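After this come two complexes, each holding subunit A, first together with subunit B and then together with subunit C.
Now for the complex of A and B:
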């Protein structure tokens, strides 16, 4: 097997949180508020429900094929060539996701902090580190994440606490009546596509030391992520109100910029930058690792290390070439990507695979047995 | 050999990274903007005035030295947009114009009357400028305000900024200003800044003390949507503060009940304002409940404040005084300007979201016709260090 690492359940939860939260928190409010206005937190709740369904789907599917990842079990379900095609689609999708994440990372640094620096500088630097991390394997960046994520979540709580003097919770009123259901549902699509990346569990499950807990892990990670997203949303809306929030690119950054206490506790946005870089590194590493691992499994290689650099170059080039501006990135992420992500890759294909597997009666040998065998 | 090459490669990379980022700004290369002013120039152009901190003047040693030279420098230039004007200024300033420490943004009266939306976008967009800067409208030109100097502070912009922060009047930061601008149930307000006699400067060489004229906050500017429609003076601004229930500090003075020619002053410690809209399908009215707590700190008259009845009568008198001030501001907003500057629209919006959809497009009209009932409660909690007035019996 290309990847030999094993991680425990807590590490897996941390990893799945880092895969979504550290970058999405920055623009969650503006992305949702322009559709669902002050009711966006309901949208996030809906998105959470969707993600829980996806998690169930994936956990159910993986349980039937222990030891096999998302890039391997389609072959068992659909037969060799159709399965290969599905796996290839997933590889293509992960290449796209990784390069978009990379582009988001660079775009934020350039537009908010260092306008004169070329985008490629940030992307190249983070990719160099990510390549090194991925080369070292799953266990390594999981452990990095174990250090990074508690710091991120801690500073998160502190920042929200410090911004409370600026908040007016009345800005969240009136609830629901004004906008009705349609905008709330529209607003739920984007966060659903973000949290829905929990589908990546299908790649991670074979590397858990307790694969039985897969669903529990996915659920905890989803709940942690969405509770932080909801707090960010409520904080931003109660600072800026829905109209102004919808206008920002990075609403949480503007929220953090508002912090000024006792005339010295102010200008806290370097913390936002730190969260972004540290969390962004883990996030990019996860998707990068999945892409590389998937490619190696698709090609049936013994080791994925030879693929790290070539795939990295592809990701880097794609992220630079895909968009000409941050506006283009935003409209792309807000329209095509979310439907493609959600409908095809997070719900559609897994559902199809599950249905076929059930029809063909592929129950799987059961993880318990395998674990028992391993010990014996 | 391989390791050596790798090390060399790293060294080359280091030279790129260590030299810093492209956007680095050394302190010694910056012209720090302390205050900015936007005036309307002919042909709808923008005249941008910047008050810049002179380098070195703000370090510790600068103060004792000259004293004659002001530590700031004011420049202004006209352009089609704010950024255009700033670009032209860059040709005359040897340093990089740096916005991140801007304390105030002043709109000229003329510019405000023609609508501020034209000018706010740059400050909204640029990462350097801060949402925490104070927004004000000059009576007259913004340029004149920035050209004043301060006696107590190093620059007039900081001086005005401190005044705004003390919240003696109604102070609005950029964030709240744009929130009000973009909310349908609210009209923006900002502090009014004017040049007034602020005091007398003294000096050993001076034959006669000279009067120092400086910028000060003298009330509130009232907008309809983004256009300035009028002003509230200082006492109406007090009423505005009570109605918005935001910063309830200050002093309330009422005549004594026993001796009407003597006055009593209460220092307000805290207060709260609650606005309850009512709607029956036809008319809109508001129940406003204001609760104030304070300390009795000055008493010209001699009544016995330990007596509960006297105290209660006094509290009533204070409540009446507050209501009067509040009505003053309300009358002006309803009758003279016809704009809702108290966020009543938002209160209504929150309570009657369905009816709001019908009313929101003509809200200012509805507001102008709305009735307002006041319930004001005042409580005297402390009376300083004195329990009863010691006075010569007459």
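Now for the complex of A and C:
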């Protein structure tokens, strides 16, 4: 097996939270308020339910094939060549996800902080660091994340507390009556696709030291992520109201700019930038690692390390050429990619695989027996 | 620009290839070369301002109706 690392359950939860939260908290309010207005928090709740179903689906599927990742078990289920095709689709998807995340990272740095610097500078720098961490393996960026994520979540909580004087919860009213159900459901699609990236659990489960806890990990990671997204949403809406929030790219950043306490505690943007860079690094590393590992497993290589740099080149080149501007990027992410992710990769294929596995009676020969054997 | 890019590719080959040859990991070397060739094919045209292909066009065409549904008030 190309990757030899093992991580424990807490590290896995942290990793799954980092995989979604750091880059989405900036976009979440404007993206949802645009559709569901002040009822967006209901959208996020709906999205959480969807993501929990996805998590259940993936954990269930993955536990039937212990020791095999998302790129290996389709072969067992569907036969060699159809399985290879499915795995190839997933490799393409992860290449796409990684390059979009990279582009998001670079675009944010350029448009929010340093408008005169070329995009490639930020992307190249973060990619070089990510390549180094990915070459060192799963355990390395998991441990980075173990240091980084508590800092991120801590600054999150502190920032929300500092912003409370600006908030007015009446801006969240009226609940539901004004809009009805359709906008709320439309608003739920995007957060569902974001939190639905929990499907990556199917790659991670073989590297857990307690694979039995896969359900618990997926569920707790989803709940932590969505509770932070909901609090960001409520904070932003109660500072600005839905109309204003919907008009910005980065409403959370503007919320942080509003912090103004006792004439000296202000200008907190660097904290947002720190969250973005630290969390972005971990997020890019996770997807980059999954892409490289997937390619290596698809080609049945002994080691994935030789592929790290070439795949990095592909990701960089794709992320630069895929979009003209941040407008194009956000429109594409917000209207096209979310359907592709949800329908095909997060629900469609896993559900198909699970149904076929159940029909063929592949109940899973494994984790329990193996672990029981070890203990006995 | 093109010189810098070539230098980057030479650096990548220099970092990875000798080790693979020494350990006789031919399968890995082949995969490495193919991926690097794809990377070069994507990167070099961009120096001259050409997009080799539109990666998002097929997906955009496929999910256009749903995007329209989302945009409708």
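We take it that the second predicted complex is superposed on the first by the 371 of 376 C-alpha atoms of A that agree within 3 Å, B and C clash if a C-alpha of one lies under 4 Å from a C-alpha of the other, contacts with A are read in each partner's own complex, and residues count from 1 in each chain.
Assume contacts are C-beta pairs under 8 Å (C-beta built on N, C-alpha and C of every residue); 3 or more make two chains touch, one makes a residue touch a chain.
Treat the numbers as computed from the prediction; the structure is a model and nothing was measured.
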Problem - Clash or fit, subunit B versus subunit C on superposed subunit A - result: fit
Practice task
Figure out whether A:306 sits in contact with subunit B (first) or subunit C (second), or with both, or with neither.
Solution key: second
Fill in the blank from the handout: To the nearest 10 degrees, subunit B and subunit C lie apart, as seen from the C-alpha centre of subunit A, by 110
Practice task
Would you check which partner chain A:173 touches, where first means subunit B only, second means subunit C only, and both and neither mean what they say?
Solution key: first
Practice task
In the overlay, answer first, second, both or neither for which of subunit B and subunit C A:132 touches.
Solution key: neither
Practice task
Considering only the touch criterion stated at the top, classify A:161 as touching first (subunit B), second (subunit C), both, or neither.
Solution key: neither
Exercise for the section: Could you tell me if A:112 is touching subunit B, subunit C, both of them or neither one (first, second, both, neither)? Expected result: first
Exercise for the section: Give one of first, second, both or neither to describe whether A:295 is in contact with subunit B, with subunit C, with both, or with none. Expected result: second
Handout entry: First (subunit B), second (subunit C), both or neither touched by A:322
Key = second
Completion exercise
For subunit B relative to subunit C post-fit, closest CA-CA distance rounded to the angstrom comes to 9
Handout entry: Intersection of subunit A interface sets (partners subunit B, subunit C)
Key = none
Exercise for the section: Quick one: which bits of subunit A touch subunit C in the complex? Just the residue numbers, please. Expected result: 35, 96, 186, 189, 295-296, 299-303, 306-307, 309-311, 313-314, 316-318, 320-323, 332, 335-337, 339-340
Problem - subunit A-touching residues of subunit C, taken from the complex the two chains share - result: 8-9, 12, 15-16, 19-20, 25, 27-29, 31-32, 35-36, 38-40, 42-43, 46, 51-52, 55-56, 59-60, 62-64, 66-67, 69-71
Completion exercise
Contacts from subunit B onto subunit A in the complex sit at residues 17, 21-23, 100, 124, 127, 130-132, 175, 178-179, 182-183, 346, 349-351, 353-354, 356-357
Exercise for the section: Spell out the residues on subunit A that touch subunit B in their complex, using ranges where they run on. Expected result: 111-118, 121, 125, 166, 170, 173-174, 177-178, 239-241, 243-244, 247, 254, 257-258, 260, 266-267
